[in-house]
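The two complexes that follow have subunit A in common; it is paired with subunit B in the first and with subunit C in the second.
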Partner chain A sequence: MIDILLMILTGIGVAFFGFVLQTSIAGVNRKVVARVQKRYGPKWYQEFLDIFKLLSKRSVTHGWIFDFGVIMALGVIIGTAMFMPLTSSFMAFDGYDNFFIFVYLIAVGMLGMAMSASGSGNPLASIGVMRALTTMLAYEVPFMIVVLTIIKLTGTSSLSEIGLFQQVAGNSWFLIALPIGGIVAVMALMGMLGKKPFETYIAPAEIASGPMVEYGGKQLGMLFIMHEITVFIEVSLFVHLFLGGAENIVLFIVKYFVVYTILNIISSVYGRFKIDQVVLFFYKWPLIMAITQAFIAIYLGWVI
Partner chain B sequence: MTVEFLILVALASGILAYFVGRLNKVLGAVVTIVASMFIFIMIGYMMQDINAGTTFNYNAVEYMPDFVTFMVTYLGLFFAILVTFIFAMVSFFNPFFVEKYKYPALYSMLYLFSLAGVLGVFLTDNFMVLFFFFEFIVWSGLFLIPLGKNNKAAISYYAFSTAGSFALLYAIFIMFAETGSYNLHLGLATVSGTTEGTYVLALLAFAAFAKLGAFPLNVWLPRALGKAPDPITAVFSGGLEKLGAFVAVLALVKLAPVGDIAGTLGGLTEATFLFASQYIVATLGAMTIIFGTLMAIRQDDAKKLLAYSSMSNGGYILVALSLGGTLGLSGGLYHIVAHALASAAAFLAIGAVSRVTGTTKMSELGGMIHKMPVTYMVYLIAIISMAGIPPMGGFISKWLIFQAVIDNGLILIAVAVFFGSIGSFLYVFRPLAALFLGQELPQHRDKAKEAPFFMLLPMLILSGLIVFTGVMPNIFLDFINDVIAELGGTGLLLGDYTITGVNGVLQPTLIASVFGVGVLIAFIIFILLKKSKKVGLMDTYTAGNFIYTEELMHYSLDFYAPLERLYEKHINITKDFYKKLENKVVDFGRMVKYFFFTNKPEITVFWIIILIGFLLWGEL
Partner chain C sequence: MLSTKFSPMSKEEVDRKWWEIGDFFRRNSLWMLMYCTGCCAIELPPAMTSAYDMERLGMGPMATPRQADVLLVTGYLSLKTLRRLIYTYEQMSEPKYIVGFGSCTINGGIYHDSHAVINQLNKYVPVDVFVAGCMPNTEAVMNGFVDLMDLIKNKKANGWKDYHERYDWYLANQKAALGEVRVHDEFHE
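Presenting the complex of A and B:
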């Protein structure tokens, strides 16, 4: 019993660590992007200020489903983050860091947010939700095919074991071992994070900031927290799957920072796709590349 | 308690329901509840017996030797208990719906007759009995479906079902010719691995595809399920469609796969062998998934949408069963359970809405959650399971199926499987957003109210089971392991709370508890912060426009328009094919009529010449 409590507390610690880490790095990245665009940029802790300000404000609600969706979204994302291994040996629930759990639990978070947004009764929010789900349909399939290749090669779907597999002498990171798949994964990750050119569902100045249009105060603050933890999960997935996991926590933070910053820099120079262009884009080159990579790696055994 | 007794009970109570129904419509429907609950409980007892191992063969009674025999097997019991459970749950809806239909007494009778058919199909070891009850269900369905919106759907259903039944019959004849007996197990075992086995496999697969509504025999499914009475839709999707899965198990698992070994594909470490027949069925299953998903996304009728989702889930079952092996089999069988529960619950929820509003079109509905919160929660739990998200039952089966696909290294089938899985978020969300959420439309605001207790009861039981199958799946997987052992395979490795797959261990209970902890934390954060002010649904941000009508603020029509635009040109492929086939059949009929049933003199002269020529053959 004490064991389980301890594990759960560790898990909550992991989720909290993820939140702090991602929020700080997001703050730093606001500065990085500002420099790319020749601005000065806000302080690195601006994101924390935003969230705490929102949490302390009074807000409006559109009925119980509006609140329930927010609670479900944040709660499930916290639950998902609790499974995330930080290094290849440190995680709250040893042996249960199954890749599919992350993919599907993130979807529950999305569902909660979508439900809450639709429950607000604002059609702009529904349009945002529609675009978010459509984007998800686009990026998820190529990404899953690349991960299929990795699972087939390593024989495990546990994130930490995939990380350890890459650390064995003679095996290189999957970003290098599967170069075509690696490119696909980077593109899919940009879609997951909602970075340009795939930020159609938020689309500032077009659909009044997408699914979030009706939110304010604590609901918005909670969704911000949820967003930060979701980003933490998605970037960590990439680090564990493609960048050889992490031997220690410092290496994890460094890899995490590099991935997130590079994506932000790429994103800051792009325009935005229309939603059907997003779908067409992902089902053309990334999917073909992912399938090619899978064929090469699984059937021909050509792995660098 | 023998099988034939239960079948007789079902038939007798069907007739009783008819006569009671003639006197009082609702009372006739109540008979269906009592009878189907009784049969479900009796089947439950049978399960206890079979688990105790004492009376495994207790009703292999032979009336006419080799002609009418029944037998309880793990496989049959697995399907029987599932489908009778769905029948029992749905029957609670009957009293609230019968009054809407033209022949309420007939409805109650046929409902129980199909239940009798289900028992006969699953609990026999004789092919002729199986075929008889198979046809009996088709026949009952033929009269049940037109009680709904129109009878064109019934014709379509009948055409495809009959084609499937004939395929089944030919398969039976081939096996009879080989063995001289109608014994199911003997027949399948004898033809297995021979040339006849190939034909039998093809014919049985055809029957299974027709019953499951799999591509390319899918046309009837959305029509029939979209138009049938609401409770019948739930029974079809949750129960009767699973007849196809049963036949698929017979064809794909009990018969040896046929064809060349298509290769030693799939691995650096180990070679995985798949036969041509397995590839073909898996490919068709994959096409079923993609086709069903794409069509479900663009439906406006909630029932049709769920019908296409049933089709796509049938595809998962086919893919899993055709791949076989421990993971494929247990994934497929578990998916049958998970989908039966989820789709029955979803259809019942939609049925409850349609009862108060009179429509299932999403563009005409909105904001039902404010009047029907419990129904909404039932639908939510059902779709979470359908989309394969933890902690519901659908996740377990999808996890197993994914592993089977990955382990076999089937990349293109994996594309379909993943696409269907992500696509299911899209389509299940549509009724959620358009029908339950969004603006509360004025035309339903006064009429709508929460469903009565006896309608909520089965929905809540189903929801509870959906969650239970996701949190404690080992109880069900244990039984599935028995089924697999009977089929000659090895079962899954199960711990107290864990399931071990090829590439990972899953502990569903842990996932559910962590899920709970997370939601608890979020709830505490929410409660501790300042209370929010409640505002109306129309009090929203409109970018400066003044809008006072709810319809204008409700986004429900063509929800995924940008996505639909990408493929809307290609949606009629199967429909066009069958239209062409229909035209060909009509043409052929015209030709036959022209030559044989006409009073035109020239045709008569033609036949006379032919006849004279025939008589004088060899004389000239």
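Presenting the complex of A and C:
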């Protein structure tokens, strides 16, 4: 009994750590993007100020579905983050760090947000939700093919064991061992995070920030917290699957920071695709590359 | 010598402390909704981009009224846009502030004798900070934002409370200018 309680507490600690880590790194990244644009940039803790300001505001509601969806999204995402291994040996629930747990639970969080946004009754929110789900449909196919290739090669779908596999093999990261698949994964990760070329479902100038159009005050604050933890989960997935996990927590933070910063720098120089361009893009080159990589790695056995 | 004995604070004091903490966050993270009706809007791009870099004050543009804290009214308001401005202002979540740009929002500016525009903005909605000039310099615009932050710090940016307290007066002025003010809720009617 006390074991389970301790595990749950550790899990909440992991989720909180992920929130603090991602929020700080997002603040630093706003400075990095500002330097790319020849600006000075905000304080590094600006994201914390934004979130606490939103939580301190009064807000309106658009019915109980609107409120409940936000709470459901935040709760499910915190629940997902609880399973995330931080290093290859440290995780809250030992043996439950399966890749598919994250894939399924993240989708539930997204559905909570979709339900809540549709509950607001704003047509722009419905368009945004539709675009978000379409984008999800687009990037998941090539990403899943690459990840299934990795699972086939390692023989396990546990994140920490995939990380350990790469460390035992002499730090041959899958980003290097499967170079074509690595490129596909980077593109899919940009789609997951909603970074610039695939920012279609947010599109502030076009559909007024999409699903978030009717949120203000406390609900928006909770959505921001949810967004930060989602980014933590997705970038951590990439670190564990493609960058050889992490032996210790410092290495994890360094890898995490490098991945997120590089994605942000790529994002800061791009424009935005239209939604049909996003789908066509993901179903054309990344899909071809992912299938080629799977063929090369599994049937020909050419893994560097 | 200060007493170390614990004395419970009254509810007003606790509320005041929480409000001061909230004010710290609110003044360091002002999100703007730009209502660009007039020529003063051209002063905003240099204020936002690398020349003056508004983001270092924590300010940034937002897409919808629900998300925003500050409503920027940049320039003259015709009667048609005034109606939309009032709808927009009432959609924002509290605490909310208004910054009026240029002479047109203060006394009508060069359009003071036009039949199509209103002259004094703060007869219709409460304005916290005016930035004078036709058009104001970008330095003046940035100074106006810093002034707004100081007002929030000194608890003087109370326009949104004033709108609650003297709503009858504002509504009478709005009706006198527009004839009728009614928010159409096309989703739930």
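Operating definition for what follows: the second predicted complex is superposed on the first by the 301 of 304 C-alpha atoms of A that agree within 3 Å, B and C clash if a C-alpha of one lies under 4 Å from a C-alpha of the other, contacts with A are read in each partner's own complex, and residues count from 1 in each chain.
Heads up, the rule we're going with is that a contact is a pair of C-beta atoms (placed from the backbone, for glycine too) under 8 Å apart; a residue touches a chain by one contact, two chains touch by 3 or more.
Given the structure is predicted, the values throughout are model-derived calculations rather than measurements.
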Partner chain(s) touched by A:Ser236 [first = subunit B, second = subunit C, both, neither]: neither
Partner with the higher number of touched subunit A residues, subunit C or subunit B: B
Contacts of A:Val279 with subunit B and subunit C, given as first, second, both or neither: first
Touched partner set for A:Thr135, first subunit B, second subunit C, both or neither: neither
First (subunit B), second (subunit C), both or neither touched by A:Ser88: neither
Partner chain(s) touched by A:Gly11 [first = subunit B, second = subunit C, both, neither]: first
Subunit B versus subunit C as contact partner of A:Asn29, first or second or both or neither: neither
Which of subunit B and subunit C A:Ser160 touches, first, second, both or neither: neither
Partner chain in contact with A:Arg58 - subunit B first, subunit C second, else both or neither: both
First (subunit B), second (subunit C), both or neither touched by A:Asn264: neither
Residues on subunit A lying within both footprints (that of subunit B and that of subunit C): 56-60, 121-122, 208, 213-214, 217
Subunit B-facing residues of subunit A, complex: 8, 11-12, 15, 55-65, 67, 70-80, 82-83, 93, 95-96, 98-101, 104-105, 107-108, 110-111, 114-115, 118-124, 126-127, 129-131, 133-134, 136-137, 140-141, 144-145, 148, 151-158, 208, 213-214, 217-219, 221-222, 274-276, 279-280, 287, 291, 294-295, 298-299, 301
Touch list for subunit A against partner subunit C, complex: 30, 34, 37-43, 46, 49-50, 52-53, 56-60, 121-122, 204-205, 208-209, 212-217, 220
Touch list for subunit C against partner subunit A, complex: 21-22, 25-26, 28-29, 31, 49-50, 53, 55-58, 61-69, 92-95, 187-188
Complex interface listing, subunit B residues touching subunit A: 265-269, 367, 369-370, 373, 376, 380, 384, 387-390, 395, 399, 402-403, 406-407, 409, 411-412, 414-415, 418-419, 422-423, 425-426, 429, 432-433, 437-439, 502-507, 510-511, 513-523, 525-526, 529-530, 532-543, 553-555, 559-560, 562-563, 565-566
